[in-house]
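Before anything else, here is the set of structures, which you'll find just below.
Same chain, two partners: chain A is paired with chain B first, then with chain C.
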Partner chain A sequence: MRVLISGFGTVGQGFAEVMILRKDFFIERYGKEISIVCVMDSSTYVSNESGLSPNELLERKKTTGKVGTETYQDSLKVMDSVDYDLLIEVSPTDIKTGGVGLKNIRHALESGKDVITVNKGPLALKFCELVSLAKKNNCKFRFEGSVGGAMPIINLCRESLVGENISSMRGILNGTCNFILSKMDNGQSFEQALKEAQQMGYAETDPTNDIEGYDAACKVVILANSVFRKSVTFSDVNITGISSVTSEAIALAASHNMVIRLIGEVSDDKLEVAPRLIPKGHPLSITGTLNAAQVVTDLAGPITVSGRGAGRIETASAILSDLVSIMDDRKERGGKCRNQ
Partner chain B sequence: MMVNAQLYVKDLPGHLVESLEPISLVNGNIVGVVHDREQIVNQRISIDVTFEIKGTSELEQLKAIWKSKDVLIAKMGSVYKTYTMEYMLVGKFTASFVESLIDEASVIVSFESIDVNYSSRNASSTRTAMISAEVMSENDLKKLDLFLMDACKKSGIVYIRGL
Partner chain C sequence: MRVLISGFGTVGQGFAEVMILRKDFFIERYGKEISIVCVMDSSTYVSNESGLSPNELLERKKTTGKVGTETYQDSLKVMDSVDYDLLIEVSPTDIKTGGVGLKNIRHALESGKDVITVNKGPLALKFCELVSLAKKNNCKFRFEGSVGGAMPIINLCRESLVGENISSMRGILNGTCNFILSKMDNGQSFEQALKEAQQMGYAETDPTNDIEGYDAACKVVILANSVFRKSVTFSDVNITGISSVTSEAIALAASHNMVIRLIGEVSDDKLEVAPRLIPKGHPLSITGTLNAAQVVTDLAGPITVSGRGAGRIETASAILSDLVSIMDDRKERGGKCRNQ
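Presenting the complex of A and B:
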């Protein structure tokens, strides 16, 4: 399997680390290791058809701030110059236009390459188009890490719960908001909690995407399209963030034995991100940066999963799961795999 | 349907069980029984029983069996399942605004009970209200949710509801 990695920030580097950690696993399972043939960051790239050393990639990024030795202007030209089987698209998310990630995913699928991504922008904006493109070109297109990081939710619903009728799904899909609201439970103001989240690296300098619910809304769109087979985009989600949640509201909720959490919800008649009142002790009343989701099914009843919603290795673990699935499928079929 | 009945049975050993067995005979499901030995009338004791039963024909069948077994039916009525939900409003509003909101809502929704709590006033002009509503159907919950969501949106009030 020849892999091209687009994006070598936190998640891209995490994936390289996981490739080092799981080298023996791939050799044992498939008789060979994964060959990273090209890596691009925002301005440079490096390629070698014989395979690149993940250790060297990480070292160069650490010492020079760049992954590659060559600069580029057009990522598509770089992609065309390399012979690869699978694109791992982990460039920064752009929820307004889809950014370079959307361009790269489209190009890879049009070229008949399998794609794994954790990039929410392209999925929230052009999900149906990308899935159709994958089907048309007989490619695998997987995106487990785009929702909930290490928390397995998409593949759980699409594979483990494939025979169930899923009536609704509700979850904490943004760890930053959950961290802030958990801190407010302990008496901090919204501003203090946000500042602490920024100091700890959970929130960005401009926290708008998190606190206004846009990041969670992207995930709601991905879940609605991938699990509920809807055809919706970001603009279809009814979004309320947490910036208006006051300390008074938190205290009044606590006096009724409840907490406030930002919940994303998908059902037949709902597509929403909003702060909700959750009874203490409910599976969705979790604290800290954890993500959690509750899936309501007709046969199995409610199923709850939780896990780390972000993080270098955690998100890379979701990519690993998608990669293994694609490789297993190829192994079973002895070559090119079918689409989802 | 869920039914609640107050029965009077002879205060003799075995008569309590004998009065409950017919519910199973008509495929009913006993949800709760209160056996009140302090309420003895004409040497009969009171039994308050709540049970699920398929329909009115089964209920009529049950009543006939009770009659044949000399079980007196003092009271019988349907028991409704109620649905509760909490709603929180955060913003600049007065208590009379919330009251009028509830008055308007009661036109479209049948409330079983409603309770409002407010946060204590502080220096800021915003306040928080917590409404606990108990309604008769899931459909009423949906209607109430849509009504409050719309009203809060129009008034620039943050609306937070329960799960």
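Presenting the complex of A and C:
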């Protein structure tokens, strides 16, 4: 499996670290290592058809700020110059246009390459187009890490729950909001809690994307399209953030043995992100930066999964999970992985 | 896929219902229905190589109390008289000897048949022997429903988390105990809570197996052997139940924002079932009859899954999940499923 990585920020570097940590795992399971044949960051690239050393990539990024040895203008030309099987698209999320990530994913799928991404922009804006493109070109297209980081909700539904009819989903899909609301449970004001989230590095200087629910809404779109096979986009989601949640509301909820959580919801007639009352002791009443998602199934009943919603290695672990799943599929089917 | 069902109590009947509900699912995914070629209960059996009607099986059990039209003395002779691919072993759990379930599973694996079971007795007593037998005879052996009913912990670890190193597991593995402890959180005494659990049908007249932690310990053994590849049995588990948990202890925990839960734990140096303090808002602080399990992984961090730990259809849904997984494996590999 020859991998091209586009994007070498936090997640891209995390993935390179995971490739170092899992070298033996891949050799044991598939007979050889994953071969990273090209890496691009925003302005440079490096490629080698015999494979690049993850250690060297990380070292050069650290010392020079750039992953590559060459500069480029057009990422598609770089992609066309490389012989690869799988694109790992982890460039920065652009929720307005899809950005370079959308362009790269489209191009890879059109070229018959498998794609793994954690980039929410292309998925929230052009999900159906990309899935159709993958299908048309017989490519695998996976994106577990785009929703809830290490929380394995998409693959759980695709694998263990494949025989279930899933009627609805509710989830805590933004760890920053959950951290703020958890702090408010303990008596902090919204402003205090937000400030602490910023100090801890959970919230950005401009926290709008998190606290107004836009990030959670992207994930609702991805879940609606992938798990529920809807055909929806960002503008279809009704969004209310947490900036208007008051300490009084939190205290009132607590007096009824409830907490307020920002819940993303998908059902037949609903596509929504909004603060909701959750009973204490419910699987969605969790505190801190965790993410959680509960699907309601016809046979198994409600199934909830939770895990870390962000983090360098955590998000890279979701890419690993997708990568193993693609390689298992390709291997069993005697498919496209020429290097195996 | 020709199925032989041994046991036609709650779970066996639940599975028959699921086969009715999922008729179209199997036709769509595999081109034909699952064929139930033989069903045994404790004293009768019925077989038909062209397939039995689940509706008729359920109707006869309901009206006559027996699933079969013939009586039998030796279940192995019945099994030998039938041409089948997969044994679904759902006879009553015998945690002392493994009972007829152990005998049937051994015989099926020795005959080269795939096996799905939810029967904790054989798994808690003879796990390693049965896994070796399955391996030797190139059979699939699955048992998702034996731990936590509909909670998909084993398949999650086997599928989505396959690239992770799992260092430990902690779980709420007995819904009856969790119900009792949740009621005690609300001020009931242990005796009151137990009585209510019995009235609701969650606890048996003799509740020893649940409240002394024996049921949870069986599940700890199954998880230790399957997820952690240990080689342990029931007698290796340190077990403390919940009968000595006092209202005072619950109140003291609450004053520190904690709850007491009966936790099964597997780690390098621990195999234990005991009441533990869990912070409120932790994914294992859930209330009611739910089960939950948290695995700690090296890359993804802690991942928790929760779901209904018991129930006719819920447990049958775990069998469905195992069945689909076996059929997918066999189909892709052009394997043993002669009817596909």
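By definition in this document, the second predicted complex is superposed on the first by the 336 of 340 C-alpha atoms of A that agree within 3 Å, B and C clash if a C-alpha of one lies under 4 Å from a C-alpha of the other, contacts with A are read in each partner's own complex, and residues count from 1 in each chain.
Methods note: a residue touches a chain if its C-beta (ideal position, glycine included) is under 8 Å from a C-beta of that chain, and two chains touch if they have at least 3 such contacts.
Not measured: the values here are computed from a predicted model.
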#### Entry: Touched partner set for A:263, first chain B, second chain C, both or neither
first
### Task
With both structures superposed, pick whichever of chain B and chain C touches the larger number of chain A residues.
C
### Query
Where does A:65 make contact in the superposed view: on chain B (first), on chain C (second), on both, or on neither?
neither
### Query
After lining up the shared chain so the two structures overlap, which partner does A:31 touch, if you call chain B first and chain C second: first, second, both or neither?
neither
### Task
Give one of first, second, both or neither to describe whether A:252 is in contact with chain B, with chain C, with both, or with none.
first
### Task
Would you sort A:299 into first (chain B), second (chain C), both or neither based on which partner it touches?
second
### Task
Report for A:277: first if it touches chain B alone, second if chain C alone, otherwise both or neither.
first
### Task
In the overlay, answer first, second, both or neither for which of chain B and chain C A:201 touches.
neither
### Query
Do chain B and chain C land on any of the same chain A residues, and which?
279, 282
### Query
For chain B, which residues are in contact with chain A within the complex?
86-88, 90-91, 117, 119, 122, 124, 126-128, 130, 132, 158-163
### chain A-touching residues of chain C, taken from the complex the two chains share
18, 21-22, 25, 144, 150-152, 155-156, 159-164, 182, 185, 259, 279-283, 285-288, 290, 292, 297-308, 311, 313-314, 316-318, 320-321, 323-325, 332-333
#### Entry: chain B partner contacts - residues on chain A that touch it in the complex
170, 240, 244-246, 248-249, 251-253, 255-256, 258, 260, 263, 274-279, 282, 284
